[in-house]
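Okay, so chain A shows up in both of these, paired with chain B first and chain C after.
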Partner chain A sequence: MRRSIVAALAALTAALPPGAAAQQAPKDVVLLNVSYDPTRELYQDYNAAFARYWKAKTGQSVTIRQSHGGSGKQARSVIDGLQADVVTLALAYDVDALAERGRLIPRNWQTRLPDNSAPYTSTIVFLVRKGNPKRIRDWGDLVRPGVSVVTPNPKTSGGARWNYLAAWGYALRKFGGDEGKAQQFVAALFRNVPVLDSGARGATTTFIERGIGDVMINWENEALLAMQEMGKGQYEIVMPSVSILAEPPVTVVDRVANKRGTRPIAEAYLHYLYSEEGQTIAASHFYRPRMASVAAKFASRFPRIQLFDIREFGGWQVAQKKHFDDGGIFDRLYQPR
Partner chain B sequence: MHVVNISRQSASRQLRQATTEPAAVRWLLVAVALAFVGVFLVLPLVAVAAQALKAGLGAFGAAILDPDTLAAVRLTLLTAAIAVPLNVVFGVAAAWAIARFEFTGRSLLITLIDLPFAVSPVIAGLIYVLLFGMQGWLGPWLADHDVAIIFAVPGIVLATIFVTFPFVARELIPLMRAQGPEEEQASVVLGASGWQTFRYVTLPNVKWGLLYGVIILNARAMGEFGAVSVVSGHIRGLTNTIPLHVEILYNEYQTTAAFAVASILTLLGLVTLVAKTIADRKRAQSLVPLAALAEDPAHSAPPHLDLAGHALQARSAGAALGTPAQEAWA
Partner chain C sequence: MRATTLIVAVALALATTAARAQAQLPAPTTPDDSTAVRPPETLEDLIQRVRVLERKLELKQEEDAARAKAAPAIVVAGDGVAFRAADGSFQLRLRGYVQDDARMYQGVAHPGTSAFLLRRVRPILEATALQRYTLRIMPDFGNGQTVLYDAYVEAAFLPQLGLRFGKFKPPVGLERLQSATNLMFVERALPTALVPNRDLGVQLQGVVGGGLLSYALGVFNGVNDGGMADTDTDNAKEVAARLFAQPFQASESDALRRLGFGVAATRGAVHGTLTSVSLPSYSSPGQLAFFRYRADGKATGTAIASGDHVRLAPQGWYYRGPLSVLGEYVISRQAVALDTASATLRNRAWQVAAAYAVTGEDAGAKGIRPRSVFDPAKGSWGAIELTARVHQLRLDDDAFPRFADPTASARSARAWAAGLNWYLNPNVKLVLDYERTRFAGGAKTGDRAPERALFSRIQFAF
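The block that comes next holds the complex of A and B.
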């Protein structure tokens, strides 16, 4: 008898609309979003938008705290116990580490949200000095003698791995899929690099504040932001003929969210990134939106170029092992001077 | 008399000539030193202030009053408020034990006190990650009991304590050794309790050295970057100290805000410097009266040092007789 009453009550509660349930207990919630370096401005705006949306929908107040740093380092911190409800990192490899080393999320995390769990994308472009004095138009120009190239270190920087793979993909296309020639091309490119910074933001500082290099390879969003913040007409963006589709992924950290009881709101937080408002905020912070209607609105900002993605390299696990792990191709082709 | 005076004057002139450089060389050396200090110390300080105020006082004020900045200032002050008193207690206890007693493991203790100076602050931070992290020894147990150490305030305080541990002990050990144990021995012989001896003899003797140690300890506690960076987790408004916040602002192109916050830290540094100079001068003086007392038995002790005064007189009497103080007293 008693059991059936409990069951009936449970069914009744479940049937109630979420708004009604929240009205009874609108307890304030705090979420922690652990992210990588260049997304600070994006999430500052998005967090405010989501808090407004959530308050209107459920009556519950939510505060989202932010932590930013190098993508690999941030993943490491979460594995070491940083209580992130969600992570929004630079590349899937770093999120994979949460599953592999930390057992914080299931291995199939990337299938849980649309578009490989990447609500916005970016690509790799060039930033050159005003007037493009070295006439840099495409990847081929970066290996010319006398061209000085700034890019971060692929061993430490997520962005730099995208840069490296974008150059590799270009070379594969140019040399008809010849891996040996692609390796020679990328080696020649890295011979033109005077200094390898540890992260994308450090490379920007080297190029802009220290004035080193003729061209910087970097995230499209980072290049656009640098133009807006510091350039003021002193720099130009060059779109190469072909580049890589960078997909910065997001996921709920199951172990943390389940324990803290924040799973529903953490999931809603990530889902809302795919909404029109979320997509518009991403686009206004120079990330390429997924939603076609929003992409159309920002079409002038993001020129269409030919893009290939990480599957061309067999996914991040394979690419990491082959190119960037100790003793990989990068170690062989790059000799520091 | 006249003859003697003249010869004394010329002798002192000769002495001065023999022991100093020509005027040109002296001026050159002074100029080089000042130019060096100007370029490497004053100029960067001026640059910080100039950058901070570049966008006007309004922007400066807005940067300082930003909630994340205020949270960073609060956390830095809280960290210092916990780390400094604890390290004063540890430091005084360690210095007292080392300077006053012979025991097995004494040299090991001296080595251990220096350990935080010897290892890089990054290693200091990683020690705590290894201990308290989820992949570490105690992490899973702590997580089960909802205790947060790293990526929270306790971790930041622990890392700061570790890095600043040696300052007070390192400052006090040479001072206490130079002063010697006689006064404390005399105080004990006169019937003072351990606490009275500490309160009325040991502490007044080392107070300026202690203050000096506390000042540099505090400066390092508020300015520490490396170790704190490892255990912070960089959660805005929660686990960022002032130095971490400066780096973040700078990396986010908020140059004015970064230098405005940096100028707070610089200001704290300058205040520390002035306080340090005063303490340093007083400390140098605190060693002088002891030397003078040994020569002059009639010299009266400071009025508030009643026990110490007796002790000093006893020691002086002993010294005058050419025997150790205790024997004279006995």
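The block that comes next holds the complex of A and C.
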């Protein structure tokens, strides 16, 4: 019986044309992209586009699974063993944690891709109710008595840290670089925050669904999405005079991708974000594209405003320690009501 | 609904108070250059306040739910208390049992002392990390002593492959491997006297074929028959192995499904000294020694272990519905020396035991679980099991008279017993046994007097 099986296999092998094995389609591959909350819809579209591109280029089928949650929490999950081939998070600080605490990526991860490994950007804007009844035009209006501001807790939300630093940067400019007055300004702003949600999606629920507050500080892409999908003409976007350039970074998780043998495709996945198609998809989901030609095409969607970046605060490590770590400035200026 | 109404009422009261206060106090200032003054409370302000309160309540509930989800779980059940990490990665479990016995010997001239005794008092601590690594610690405070019975770590890599090291039961005697809480009788039968009780070592173990075959293979310090020790007296080690098959466990027929049989063996070498003879004594079901090797403290009058020690133990059990049958046979072959004399002695024991749950519960290696709990007011009586056994231990004829005194040590003990187990509930079990043991030899003239004993036990296990 065993001889018969061996003979049959030998005959079958002989019948195959030379090199048939080499011509077989490459094995299907699955990638896991661990991202933060607001990118869910962006990556649904982008993953489909990349799968088409990759199939056409290599003949290999790729399935990209997505995981979304708070940026810091997602980083902790990866450090704790979630097998992410790539991460696309809200803050460089959270990606740094993969290098510092998880030793999953090299410390110079941010230099491996163009534009600080941030293929698209966003900024922080205001979403107000239709007609802007409280006449909110700029950051200074957020500390007026009677103005109710919705923003999440910067201790727990990556997006809220951008909000906080944008307000701080505005105040530094307004008060000539006086840090004391900047602190008083941000403290006054947070006194106008009636509910401190733990994340950006919770803050959106507070503002949109529960009808609380006069203004919500939020990612530009989230504000535009809310306008398009949830607001239905009930909200307006207010661009402040100055805001922060938010650079959500991306990187391959070296240790996982090397172990799973997915590094080449994981790298291609992130590189393709910089392609014209990748940039167009990002822009259509309200992220500011890096590529000039795509930016020009969507120029009307993204008004030009004065932007400063995280380097103004000495980078994320310094900003985190100074403002958001336990005992930092936020702990001193914010008193829960 | 009631909560919302309450919140609205509270909010309105707060708003009214705040409005009054607002009228009396100057408006707060901010570092910004705004000169706006807080307007008086409006209906919209009040609605906002209510919404904020509702949202805060909602967030508090979400936070509480998340905290509850992340909090360690405490599970209290009939089989112990478990403290479990929220992610299930670590568990600490506390179990235990107490056996409170009465042992009554029949006959005025009997050498035993009838007494009540705490036979076993055993708290059990088990910790499990990552569902794979288990630590078990079980001391015993029974009989007025403190003895560490189990202290081992087990790593279960796969069902087919696990590793256990520490102090535990070597894989030999069938009845010995049963938990003391699940025994048919108050005391184990005579074959258990020939197998190790607890030993220190390391053991590979596993189950293959989905339970078709279980195996264990270990290396131990080596202990006397029925013995246990926390230290070793020589460099020689004992290898123990056991194979146990349940070939019909997947069968649809109930007739053979729970038939299990196997064989266990040990092999080692033991060399005793005058101060540590490394030889056992054997006790009757009433826990009275009926055989001892000669030991007067002098080389000319003390038997010692002098080489190979091999055990072989074929064994099996059968369960069908309320019926349990257990049988085992043990040969313990040991080299013994006394002064210039030496011999390899073969001591043998066997038992056949059976139980039947007259209340109809299914029997198993872990005893029976009563269908009802004892509650006379409701007319429920728990589970009742009737038991019977015969067993024998026979010493090698060559042991007499050179290595053992035939006027003090019996050549054999043969016993029969009948009993009743009453499971009041899954935790409480009452046992009543009568056992009669006859001896061959062991007296200055003729045979040692038969042992007739009544055993009773109240067991609480969790």
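Operating definition for what follows: the second predicted complex is superposed on the first by the 312 of 337 C-alpha atoms of A that agree within 3 Å, B and C clash if a C-alpha of one lies under 4 Å from a C-alpha of the other, contacts with A are read in each partner's own complex, and residues count from 1 in each chain.
What we mean here is this: contacts are C-beta pairs under 8 Å (C-beta built on N, C-alpha and C of every residue); 3 or more make two chains touch, one makes a residue touch a chain.
As the structure is a computational prediction, the values presented were derived from the model and not from experiment.
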Put chain B and chain C onto chain A via the superposition and say whether they clash or fit. clash
Of the partners chain B and chain C, which touch A:131 in the superposed model: first, second, both, neither? neither
Does chain B (first) or chain C (second) touch A:201, or do both, or does neither? first
May I ask you to decide whether A:176 touches chain B, chain C, both, or neither, giving the answer as first, second, both or neither? neither
Now for A:211: first (chain B), second (chain C), both, or neither, which partner does it touch? second
Should A:233 be classified as contacting the first partner (chain B), the second (chain C), both, or neither? neither
Which of chain B and chain C A:144 touches, first, second, both or neither: second
Partner chain in contact with A:327 - chain B first, chain C second, else both or neither: neither
Where does chain C run into chain B after the fit on chain A, at 367-375, 403-411 or 439-447? 367-375
Residue overlap on chain A between the chain B contact set and the chain C contact set? none
Okay, in this complex, where on chain A does chain B touch? 32, 34, 37, 40-41, 65-69, 77, 79-83, 101-102, 201, 205, 225, 229-230
Could you list, by residue number, the parts of chain C that touch chain A in their complex? 27-28, 30-34, 36-39, 48, 51-52, 54-56, 58-59, 63
Inside the complex, what are the residues of chain A that reach chain C? 140-141, 143-146, 148, 175, 181, 184-185, 188, 194-195, 197-198, 202, 206, 210-213
Contacting residues of chain B [partner chain A, same complex]: 129, 132-136, 139, 143, 148, 150-151, 233-238, 248, 251-253
